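Could you have a look at this structure, given as structure tokens, before my questions?
Labels A, B, C and D are assigned to the chains in the order they are written; within every chain, residues are numbered from 1.
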Amino acid sequence: MGKSRLEAFSDGVIAIIITIMVLEIKVPHGEVIETLVPLIPVFLSYVLSFLYIGIYWNNHHHMFHATQNITGPMLWANLPLLFWLSLIPFATGWMGENHFAAAPSALYGVVLLMAAIAYWILQQRIIASQGPNSILKKAVGGDWKGKLSLILYAVAIPLAFLWQWGSMSLYVFVALLWLIPDRRIENVLRNTDA
Amino acid sequence: MGKSRLEAFSDGVIAIIITIMVLEIKVPHGEVIETLVPLIPVFLSYVLSFLYIGIYWNNHHHMFHATQNITGPMLWANLPLLFWLSLIPFATGWMGENHFAAAPSALYGVVLLMAAIAYWILQQRIIASQGPNSILKKAVGGDWKGKLSLILYAVAIPLAFLWQWGSMSLYVFVALLWLIPDRRIENVLRNTDA
Amino acid sequence: MGKSRLEAFSDGVIAIIITIMVLEIKVPHGEVIETLVPLIPVFLSYVLSFLYIGIYWNNHHHMFHATQNITGPMLWANLPLLFWLSLIPFATGWMGENHFAAAPSALYGVVLLMAAIAYWILQQRIIASQGPNSILKKAVGGDWKGKLSLILYAVAIPLAFLWQWGSMSLYVFVALLWLIPDRRIENVLRNTDA
Amino acid sequence: MGKSRLEAFSDGVIAIIITIMVLEIKVPHGEVIETLVPLIPVFLSYVLSFLYIGIYWNNHHHMFHATQNITGPMLWANLPLLFWLSLIPFATGWMGENHFAAAPSALYGVVLLMAAIAYWILQQRIIASQGPNSILKKAVGGDWKGKLSLILYAVAIPLAFLWQWGSMSLYVFVALLWLIPDRRIENVLRNTDA
């Protein structure tokens, strides 16, 4: 089974998610620069979520680049990932409108955690289907970034109720962790070709 | 005639439908967790509709995977399916906002029924064009799932006015029926290749 | 230059246009069937516009199916078509909310007329680039449907101010005219291959 | 690494951006033509932004047409471009609702400037990866259009506070500059093939 439609559908959903978030930045009434000030937290939460969605798209791209055969279970395992990503605009909007208050910041972490778990399950499905010589398994290796992200999200959720900025710092830290270029899959593919 | 654009257009429309439904979950005013409570029925109806749209995308994917030649009538028969699917966000929003009341639950069933009929007509068009050795015909066989779904939707619509939760249970049951992996098309394709 | 991105971009824009129109059907407050009654004109105008966008997608598909080489001018000539199609949701919403009143019905005709002119210019560009043996020129022939549509839109616009239902009837008539399967391009391609 | 998904994702995001701008043109309450008058500035700012997004799509298309190998850094450098383009609907809406007032017109210029810088960085990344015989480098040459655009945006931003129509004229002028067909990349590709 080809992977073009799985990729096209995922690209479509992710492209829409990343773009409709901007609809939460409502056009203000008033023509002076000061009317933009209340939008700053909404804008900052948009930037953070844009980064996260961009990272997910990039990782999704690399993961399926290392996947030759698409199976039915992969099609199904892809849907929960898209589901949790689709809730990011809502969580982003609630967090931005309430200036990173405790409960919205915790919910944001819950959505990120669930998306990360869904991504991990999808990755395991692909590795399992590729058998003992899985290219993807070699590429992700111990997957310390994935594991560390899960732990940090799980810490950030309760932390939001104690110290909201600590929670936010963890979300920003995890995003930066993934922004550092990750050549694992590219390297393994290059070595496999050679 | 190639099928890439039919698939790309359908993927685009389905991706947008599945994503704009989330816009019905309006960001609440208030920063405590309790402000999310009124959103629970809206969220649950979103989950159900996400499942349905995901199932339709999956089945659409499999159906056209078993289709080599696209004819003009298939292009036209695809449009009513997209039309009825496009009404799911409206029906979902109305049902969620009114806590699964009678009329909205019945309308939800009408939209599901019409989408299922449109899907069935599209399937018949493809089978007819493939002639007596239709791969798709072998794959769907007696199509008991499709027929049972139509019957259950038709029962659920009037039932909504008598016992709304019975109606909802039928919608959930049909969704679960389709979630159970369906290897029919994959199996037939494998046997045909062998 | 390949045509895949031109098609993909056009498919994306058309898929979004056809889907965001449904956002104009606002979820009503009230859980009885009667609350849907005021939405009937909005729904009917949605159905008409869905038909038009579906027809444009179908014709666009066939036109580029008969086009091998994409030139820069074609890329530019495609944009005005997408621009005018993008105004259909606005015109549809205004017409539906005002129960097919004179001015909204006339504006709807103006948008349809401009889209039809943009389509015609794009078609002429392709025919001109294909030279004297243009497949597309053979396929569209005298293009009586295209010419008749332009005339009927031009009649319907002023008619809206005199007799709004006459105007609406013309819009429906043109849509039905295009729904009748049009095998011209398919036939010419088949004869060319043979 | 293939470029199909980079193109598909970019096409998706750009298609959504160009289309959701039209949602800012709110359907007016009132059925006479006069109710459209207040929408004229909103419509004009939509036309300008549609042109800009169309130009960006066209240039993006040409740039990647002259790019054979996609690297990880290109995937990342593409995201800031999409980010700044995604803010155009907001800037367009604010500018249109406030009849091209000073601060909204300046913000519009800031978003255009940042998008242009992001585009330039992406272009440099591709040229760097192509080495000394870069096709793209030959194609863009001195890139006087790109450089002049940056200067004009930088002039237009402060100018908006002194003379808003001068600022708007610069935005329109830059758009027209790019609308004049630019055969650079096509010509270089033709010569390279020959």
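Following the convention adopted for this analysis, a residue touches a chain if its C-beta (ideal position, glycine included) is under 8 Å from a C-beta of that chain, and two chains touch if they have at least 3 such contacts.
Here the structure is a predicted model, which means the values were calculated and not measured.
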| item | value |
| --- | --- |
| Same or different residue numbers at the chain A/chain B copy interface, by half rule | different |
| Angular offset of chain A relative to chain D [C-alpha, multiple of 5 degrees] | 90 |
| Between chain C and chain D, centroid-to-centroid distance (C-alpha), Å | 26 |
| Separation of chain A from chain C, taking each centre as the mean of its C-alpha atoms, in whole Å | 37 |
| Touching two or more other chains - residues of chain C | 8, 12, 15-16, 20, 23 |
| Chain A-facing residues of chain B, complex | 7-8, 11-12, 14-16, 18-20, 22-23, 25, 27-33, 36, 47, 50, 54, 57-58, 61, 65, 179, 181, 183, 186 |
| Touching residues on chain C, where the partner in the complex is chain D | 1-2, 5-6, 8-9, 12-13, 15-17, 20, 23-24, 72-73, 75-76, 79, 82-83, 86-87, 89-90, 93-94, 97-98, 101-104, 107 |
